[in-house]
Amino acid sequence: MQGNHEQQAYDRGITIFSPDGRLYQVEYAREAVKRGSASVGVRTPEGVVLAADRRARSPLIEEESIEKIHGVDDHVALASAGHVADARKLIDFARRRAQVEKLRYDESIGVETLTKAVTDHIQEYTQTGGARPFGVALLVGGVENGEPRLFETDPSGTPYEWQATAIGGGREDIQSHLEDNYEDDLSLEEGVGLALEAIAEASDDGITASGVELTTIAAESGRVEPVTEETIADHIEDRDLGGEDDE
Amino acid sequence: MQGNHEQQAYDRGITIFSPDGRLYQVEYAREAVKRGSASVGVRTPEGVVLAADRRARSPLIEEESIEKIHGVDDHVALASAGHVADARKLIDFARRRAQVEKLRYDESIGVETLTKAVTDHIQEYTQTGGARPFGVALLVGGVENGEPRLFETDPSGTPYEWQATAIGGGREDIQSHLEDNYEDDLSLEEGVGLALEAIAEASDDGITASGVELTTIAAESGRVEPVTEETIADHIEDRDLGGEDDE
Amino acid sequence: MQGNHEQQAYDRGITIFSPDGRLYQVEYAREAVKRGSASVGVRTPEGVVLAADRRARSPLIEEESIEKIHGVDDHVALASAGHVADARKLIDFARRRAQVEKLRYDESIGVETLTKAVTDHIQEYTQTGGARPFGVALLVGGVENGEPRLFETDPSGTPYEWQATAIGGGREDIQSHLEDNYEDDLSLEEGVGLALEAIAEASDDGITASGVELTTIAAESGRVEPVTEETIADHIEDRDLGGEDDE
Amino acid sequence: MQGNHEQQAYDRGITIFSPDGRLYQVEYAREAVKRGSASVGVRTPEGVVLAADRRARSPLIEEESIEKIHGVDDHVALASAGHVADARKLIDFARRRAQVEKLRYDESIGVETLTKAVTDHIQEYTQTGGARPFGVALLVGGVENGEPRLFETDPSGTPYEWQATAIGGGREDIQSHLEDNYEDDLSLEEGVGLALEAIAEASDDGITASGVELTTIAAESGRVEPVTEETIADHIEDRDLGGEDDE
Amino acid sequence: MQGNHEQQAYDRGITIFSPDGRLYQVEYAREAVKRGSASVGVRTPEGVVLAADRRARSPLIEEESIEKIHGVDDHVALASAGHVADARKLIDFARRRAQVEKLRYDESIGVETLTKAVTDHIQEYTQTGGARPFGVALLVGGVENGEPRLFETDPSGTPYEWQATAIGGGREDIQSHLEDNYEDDLSLEEGVGLALEAIAEASDDGITASGVELTTIAAESGRVEPVTEETIADHIEDRDLGGEDDE
Amino acid sequence: MQGNHEQQAYDRGITIFSPDGRLYQVEYAREAVKRGSASVGVRTPEGVVLAADRRARSPLIEEESIEKIHGVDDHVALASAGHVADARKLIDFARRRAQVEKLRYDESIGVETLTKAVTDHIQEYTQTGGARPFGVALLVGGVENGEPRLFETDPSGTPYEWQATAIGGGREDIQSHLEDNYEDDLSLEEGVGLALEAIAEASDDGITASGVELTTIAAESGRVEPVTEETIADHIEDRDLGGEDDE
Amino acid sequence: MQGNHEQQAYDRGITIFSPDGRLYQVEYAREAVKRGSASVGVRTPEGVVLAADRRARSPLIEEESIEKIHGVDDHVALASAGHVADARKLIDFARRRAQVEKLRYDESIGVETLTKAVTDHIQEYTQTGGARPFGVALLVGGVENGEPRLFETDPSGTPYEWQATAIGGGREDIQSHLEDNYEDDLSLEEGVGLALEAIAEASDDGITASGVELTTIAAESGRVEPVTEETIADHIEDRDLGGEDDE
């Protein structure tokens, strides 16, 4: 209780520092991210893989409506974890930013440039009063000058570049699976498999094809291409990751 | 009491994160939704059904004045549950948005586009200070390119697409009735029946024709068509859902 | 006391949700309405009756100055209960709104349109910070296309349409008198009588002609016509509702 | 103490409702009025009388400088009770409002119109945040179309019309003296006498000519005319209301 | 302590009413005035005298730099007591106001007009949020149409006109000395003497010529004329008011 | 603790009065001044001396970078004590103010005019909400029409003129050394010596040439001239004020 | 606990003074700096060295993405410690400022000018409400007119110039290593070595080439030149500073 009382002082009104130099509202927003189901990104020389757990709470929900991976431009996609409505707002921001770039410079926006525009926007919500931080983390995957890139954004507005990483619930388990199994020379195909294994890692009952969303951005094509449910099902079977499909 | 004290810290002033990553004001707004009477949506290949419980607190009230289903455009209608005045404000927003779309692009607004415009608007009220969230959930039913669509919006500003769902008081009971009885190939007629059964599920005393509001949007016509009290009465009798009519 | 402490958290600053989904400031504004003396509305096929209890606190006060019924336009009048200064502000709003309608469309404003403009205005004060809700309820009576209409607005900004209802102190007693005695085919004359009986219901000592304000809007004339003190006195005598007149 | 603690919650920041529907800041502003010395208004068929108690705290103060009756226009005057600086602000508002009316319509402002402009202004300060209510009550006396009118404004922004009334300290005693002694057919002269008696009622030691301010607005002249100290002295002597003059 | 706790509730944020109708921030600002050293004003038929106690805290301070009497225009001067920086701000306001008057109407501003412009400005700071009241009282002395005038302003924004008065520390003692010794027909010379005696009254050790600031505005010249240290010294000697001079 | 609790109420949000008429935020800002190392000013008929203690916390710091004396214009310099970043902001303000004066009137700004512009600016931050006071005191030294002037500004925004004074840590000791040793007819040379002695007074270990910053503005040249480290070293040696130099 | 309670009062809402003259929010922001890993700056006659510890939390992170040294212009670079997203914002500010200077004056911005523009910007966030301070310290290294300069900025907005210094975690140990080993006549090569030794000082396990970021700005070239991983590796080996490289 002591501890709680002290913390309470720092999370009312605007986002301010605690005596030990932490921003509680930002840390609480990180908890909101952990409450969301996981998303995973894997970068291979052949392209980037984004995968997301989207198991539905009811069989009557349209699973497509709980999309967690969103195309931002032909060559960039985002996967999210955390507060869904906040994610949608950042995705809109990213899309508008990509369009503006195209209109202004007649060129596709760079993956890093886009990520940093998003993190700068996120940071504003952690310093200036009158709004709370975004309760969401994003994986930004894309191809830039033929090279695959994979970034993460967190609720503080810090960008990180990764070979492979996870956001959302069970992140620690997934990350250590990735660290144990990632190799520099994975094919895109193998990257998809690794991403699915990682998602399965955070799940007690295995995964189903309809409960996972999967997108690749291949270095060659430079285009966002969603992976079909059939292909996902084949991967799950091949690697024996399956639980009971709820459809 | 402990628990209460801790919570109190997070619901004054603006909507902010609690230490476990929740937005209490949004969760309390969800409670406001549960305090409202239920609305149900059922999507069939032949069209969408929206049904709402609107039993009056006094025999002298004009039941039409406690409308819970509202046409937004020729091809889209909304059903609400929760804080009535908030619902009215969102309905106005949706109608204006639909009109603007028509004026700008000379086309009817898509059901999904409309839903997401509404949820983006709702999200703003959960992040920026100076206002509380909307204490209302909506079902958005309509026809888009000949295809029936059914969406839900919640107080966090998240859109969901459903085959069949419920909002408001008794949602859990209704939802499990829908899950047990929904089938992919229902006729619109059968959809109406299922919606009425679902509403009756949440009511101890059965329902009456005047205490239920019912609208369909058929795939063929693509138009919002309120169901008459007589037709409702027939359905109630057929399925033996009736209580004593209070008129 | 516990209970009080918990409540206190939700009524400072702006209007926000309590853990059980209620808006305390709005509910407290409803208490302000109950502190006011009652107003009654009765709708008959021949027209609408608005009646208000306006007993003076001193014999030296000009009873006309404690008006509770106000013409908004030729064909619409408002009766209020609750915080008088707030009522005056809403009445001004309604009058301006009616004038604008006339100037813009060269037509009288509809009773329902006017009511909803007022309730939308009221709702704004319950969601956006920096102001308290209006502590007043209104009855809106008028004739629209030859048809009598009677609406109620409450501090949440919800509109209701009624055959007969009451607002203010003693509402419950009055409403049940109305429910027991209202009939669909009352004459306007009988409606006046019913309204006076209902007002008398909430009063221990009977009523006096000068202590009641009474207005009708007849379907035929479509005009707001205040009922004279003499006519009121006759009704009181006929129905034996009289107390000792304090004039 | 309990009671105090509960109340404290409702009077910080902006003016909001208490659980029982009261606006504490407005009620506290009423206390500020009671802390002021009394003013009295009496309306007779021949004109309006405004009288004010202005006993000085030191013999060296210029009694004219503690004026409590102020001309607003040729035909209207205000008497105040309560927070002096607030009164001055409302008097300025009233004077500007009267001038604008004259410039716009080339006509003197009506007494009732002026009163209601003032009360609307007062109400704004009780609903919108960022300011406290006015801690002052006013008596507005004047002649309109040859007819004497007397209004009161209170800190909530409610206007009342009176035959005779008092504001400020000792209001209850004065009011009951007025109720016992007021008659419909008083001459203006008799009205002056009644007003002086009423002021004396609230004073233990009697009144002195220099300690009272007195103004009449006669129906015939329609002009504000301050009553001279000599005339007041005569009245005091005639009615044996005198205390020891402190000059 | 009880008492303290209760008070605390009323002096945070903006200036609001306490349950007994007081404005604590204004009353605390009055305390700030009492913490300042005294200023005295004496009005005689021949002119106005302003005197101020300005004993220095160190012999190295330039006594002129702790001026408490300031010319506003040729014919008006101000003496202050309380928070020095606040006084400077009001003096600037008064000077600008006097200049504007001259530019607009080509006439010197009246002493009463100036005082009321200052008090209106002060009042604003006691009603509208976002600023604290001014912690200073002023004496405004001047000549208007050949007639000497002396006004006081307090932190509430109320103007008073005086024959002779004091502001600041020891006000009560000084005021009663003035009441005992003031006469209507003092010469300006005698007025200077009375003012010095009054200042000495509030001082245990007597006064010194350099520790007092003294200005007259004679009716005849209508001009602000500072009294020299020599003249002050003569008066002190004549009246045996002297302490040990600290220069 | 009692005391602390009471005080806490007065220093949150904006700067407001305490029950005894004090502005705590301003007094706390004065504490910030005391936490800074001392600066001293001495005015002689031949010019003004400004001296400042700037001992470094590390031998690797560039002592010039911890400047505490800043030229504002050719003929005016400022010495500061307290919160360094705040000082820099006021110095910028003073420089811009001096430039504007030159551009507008083609004349150098007066020392007193400049000081009062600065104190008016400081006062604003003590009355209007949304910002804290400046945590810094300044000495303003310069030559105006051939005459040396020395002013002090404090966090309340009050200007004082001095013959010799100190601001910052150890002020009391330094001031009493100045009072004991100051003479009206010091040469500028002797003034420099007195200033160094005064600085040494507040230091247990003596002073070093590199740990003191020293500037003169001679009446004759009317120009700000920093004193070189060698000259300072000579003075220290002459007067035996030296500690061990840490360079 | 006492202590904590007292402090809490001073760190909510805006940045205000505590009773002992401290700005807690600024001090807490300093704690945020200490939570970051260290950066070191060394100035030699031949140029400036900036070094930063950037050990990754996972082997899969791209170490380049956790950059802590950023070029601002050809001749100036920044190293940061503390809240990463805040650092990025200040870096953007510095870059824009440098560009504006170039556009306006067609000249590269001075290192000192740039530093002071940044510290003025930081100070604003510590005095004006509605935002928290920046939780970051910066080292600004560059060449100005052929001369190497090294500055530090802290969260209060104070600029310091250094020969050699450190910011971030373990600052004290690093600083004392620098003080013991710094010499005025280091070559740039030796400066690089000293910087690496200093970084290693704060690390228990030694440093690795990939875990350190290193940049020089040579006086001769006047250009920011990142040091390659190979060169860093050589230095580490030469000085035996190595831990086990985690690549």
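A, B, C, D, E, F and G label the chains in the order they appear, each numbered from 1.
Simple rule for what comes next: a contact is a pair of C-beta atoms (placed from the backbone, for glycine too) under 8 Å apart; a residue touches a chain by one contact, two chains touch by 3 or more.
Because the structure is predicted, anything quoted here is derived from the model rather than measured.
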>> Using the contact definition given at the top, which chains are in touch with both subunit B and subunit C?
In response: none
> For the homomeric pair subunit F and subunit G, should the interface be classed as same or different, according to whether the shared residue numbers exceed half of all numbers used?
Replying inline: different
>> Just the number, please: Cα centre separation of subunit D and subunit F in whole Å.
In response: 55
> Once you find the CA centre of subunit D and the CA centre of subunit E, what distance in Å lies between them?
Replying inline: 31
>> If a residue has to touch 2 or more other chains to count, which residues of subunit G qualify?
In response: 12-13, 129-130
> So that we know how the chains sit together, what is the shape of their touch graph: line, ring, star, complete or other?
Replying inline: ring
> Within the complex, which stretch of subunit C touches subunit B?
Replying inline: 2, 6, 9-10, 12-23, 116, 119-120, 122-123, 126-130, 151, 156-165, 175, 178-179, 182
> Touching subunit E in the complex: which residues of subunit D?
Replying inline: 1, 4, 7-8, 11-13, 24-25, 28-35, 58-62, 64-66, 83-86, 88-89, 92, 125, 129-135
